[in-house]
Amino acid sequence: MSKGWSDADLAARVAETIPNGACVNLGIGLPTTIVRYVPAGREIIFHSENGIIGMGPDPVPGKEDPDVVNAGKKPVTLIAGAAIVHQADSFSLIRSGRLDYSVLGGLQVSEQGDLANWKVPGTKGVGGVGGAMDLVAGARNVFVMMRHTDKNGAPKLLKRCTFPLTGVACVTTVFTDYGVFDCQNGRFIVRELAPGISVEDVERATEASLDFGQARKVARS
Amino acid sequence: MSKGWSDADLAARVAETIPNGACVNLGIGLPTTIVRYVPAGREIIFHSENGIIGMGPDPVPGKEDPDVVNAGKKPVTLIAGAAIVHQADSFSLIRSGRLDYSVLGGLQVSEQGDLANWKVPGTKGVGGVGGAMDLVAGARNVFVMMRHTDKNGAPKLLKRCTFPLTGVACVTTVFTDYGVFDCQNGRFIVRELAPGISVEDVERATEASLDFGQARKVARS
Amino acid sequence: MLNKRVDALSRALSVVKSGDTILVGGFGDIGVPLQLVHALAELDVRDLTLVSNNAGTGEIGLSRLFKNRQVSRVIASFPTQAGADHFKAAYERGEVQVELVPQGTLAERLRAGGSGVAAFFTPTAYGTELANGKEVRMIDGRGYVYERAIVGDVALVKARLADRYGNLRYRLASRNFNPLMAMAARHTIAEVTQIVDAGVIDPDDVHTPGVFVDQVVECGA
Amino acid sequence: MLNKRVDALSRALSVVKSGDTILVGGFGDIGVPLQLVHALAELDVRDLTLVSNNAGTGEIGLSRLFKNRQVSRVIASFPTQAGADHFKAAYERGEVQVELVPQGTLAERLRAGGSGVAAFFTPTAYGTELANGKEVRMIDGRGYVYERAIVGDVALVKARLADRYGNLRYRLASRNFNPLMAMAARHTIAEVTQIVDAGVIDPDDVHTPGVFVDQVVECGA
């Protein structure tokens, strides 16, 4: 199981992609760990849907402030220069294109860039959508961060999503334990393969159309 | 010319009508003087469309603050407990029914409660509407404060407005130098006549349908 | 003298009737007016429509309203968060209808309700099942969903500071939905940590102007 | 390190091109970023669409843009205020088209532009000539007018304080349209009295989060 990226590798890989000065929203779960991997010398403005602009590093244990939490209701900190807004202003920022990047988890991504990440059909209960639909509708770049296959080994990069959609043609790039995949013109362009992952590994674990381009050379060298 | 109310009388008469605790917007011109006539012991919250909630009395000469002005861009003061909001929140307050009273000037009012107060047809130029259309659409009670007739003696309480409308069926009560007129069910109910004004004076100076009710008795006694 | 202070939670809540739509501030359990909600759970009012981002966790807050079978309808973005067992049980018993709304759309519908805006077009949820049955419109080549304003009967909000006019100030990320709930209800009750003299909150520092607040109850932290 | 400070007005304004839509904060002359506007009047850019509540008075502020024949279109609620002689002359020369918008509708269209909301239904102006040719809709028995969002190319705003992130704080009623203009433009330049260190403006006291601001110029009072 040493093939491909660990969760920490993946978070670091996404963090590395985000340029200095960007405004970034981190979705619940794995994406929230990205805040730990910002390269030295780079300043990123982290936004949280509940009205924080300027989240800082994880709090020192015992120093958590109950009124400073992220979208997952986990304690966070504020940078000097943070701003608080109410939920409508927070989503004004999201929908009006002020988020350079939204990083979310995913259940399925289609080669058209559709994302499904809020509901598994057939599960009991009403489900919950939170802010995901607004984030994918509003952010300039939508990054999906997920395992390349589901727990049964079935592909999650698909020709068409079978789960209820979060957004249509909204995904920019998918980061998985297998590599980095740009979503363009109805196919995934393979930008990078994780260490130990071969072209064949990716082909075997992917249903969607793939375009290896220069990554094929890199992977085979 | 001692018949009827002076401008100051009129402002005092409107002020007297507004109950304790009401939130009130005062339009440009004559209505802004109402703030001087609030009866002792009564507390009124005065709103200004440019984002002030809680205007106080006129400033002491020489102590004007250039950043504290009313809708007419005249210097005003803030009470202890005032709040400032931006223009969108200021009009949220207006349109959502938080204004108990809006007091505006008028050019014409129809017996259906239509108000015309922003544009005289045939005058040169594009005109300016400001916040008047929002105020009459939003306030719970719309008070119009004006001379009973125009400068040529022509009636301003009409069967139908001939000038461009500010709002349709929006006026609650008209206060003129002749008296107080509630707009109800397609006619003006005369609530009160100003000192020295007779029923005949009002009938002669009014085109709209009038209902004197008990005011007729008062006027003739 | 105007004074919106009320000493007893139960007295403030006497405006609530069975069948009402109740708006409750908070995001997860952060910024929820717990004491007001707990006092509401003691009252014999049922068939409530509850509008809030979440639906309570564990044994506190909104959970109590579900446990007591007081809620017949929920409008929320994420009612199913971990620990929302009383909500889930009520849903499984078939007692509660749920309208699931994307979080930004929920915030915007409440702001519209508090702004006299009847409806709007948002890009969020276009092409997803949460737009099923809704009017859609192409505007400048992009798909938008028609969404209606939400107006509640009573809002329950939590703030840090208030004054006798009802001006409110929130603390950090506990602001979240509270200002929107306060705007969107016909009657707003604020549970606050501390009531201060009028003027202590600078006009530039008021988060929710008192004109949106009807009653204030001081409850400590 | 992120730093939105720019030392020269002219350098900040180098983003403006002929044909642009320019949003300018202020109500009358209060809160107008005079130095930015005066510097814009020195540049060889024309055919501008100007969105602002008013259109300048006397020889200062927006008047200069009309005097220099740089404006071909105005969207405003009250361009004809006393003293707006340069605007009036430009209008009479037939150089300037005017779209007259009720003030609350103007504020709301800007907020919508800054919120990713494409359009909305407002009760303001229903039944008046300012709704002529516009879509109307009956909602719950009341008439509403369909209004589109305004998005500008460049916003010029005036604030009291800023920090290097572009967080802004306004002073009293000079706030007015400034936060809305800042939200509604693709590029926002703030003229501020003073730039302070990051963290000096408390997160709860930020009026416009820096994510809506691209450049800050310190100009003194």
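Letters are used for the chains, namely A, B, C and D, taken in the order the chains are written, and counting of residues starts over at 1 for each.
Criterion: a contact is a pair of C-beta atoms (placed from the backbone, for glycine too) under 8 Å apart; a residue touches a chain by one contact, two chains touch by 3 or more.
Fair warning: this is a prediction, and the values are worked out from it, not measured in the lab.
Across B-C and A-C, the chain pair carrying more C-beta contacts is A-C.
Averaging Cα atoms per chain gives one point for each, and the point farthest from that of chain A is the centre of B.
Chain A and chain D have CA centres that are 35 Å apart. A straight line joining the Cα centres of chain C and chain D is 32 Å long. Note: centroid distance chain A to chain C, computed from Cα atoms, is 29 Å. Those residues of chain C in touch with two or more other chains are numbered 108, 111, 115-117, 122-123, 171-172, 175, 203-204, 207. Along chain A, residues 52, 78, 84-85, 88, 91, 94-95, 137-138 each make contact with two or more other chains. If you check each pair of chains against the touch rule, the ones that pass are A-C, A-D, B-C, B-D, C-D. Contact residues of chain B toward chain C in the complex are 20-21, 23, 43, 45, 47, 52-54, 78-85, 88-89, 91-98, 137-138. The touching residues of chain C, counted against chain B in their complex, run 1-2, 111, 113-117, 163-165, 167, 183, 197-199, 201, 203-204, 206, 209-212.
Every residue of chain C that touches chain A in the complex is listed here, in rising order: 27-31, 53, 76-81, 88, 91-92, 98, 100-105, 107-108, 110-111, 122-130, 171-180, 207. Within the complex formed with chain D, the residues of chain B that make contact are 48-52, 65-69, 73, 78, 84-88, 90-91, 94-95, 124-134, 137-138, 164-168.
Those residues of chain C whose C-beta lies close enough to touch chain D in the complex are 108, 112, 115-123, 137, 139-140, 142, 144, 148, 169-172, 175, 203-205, 207.
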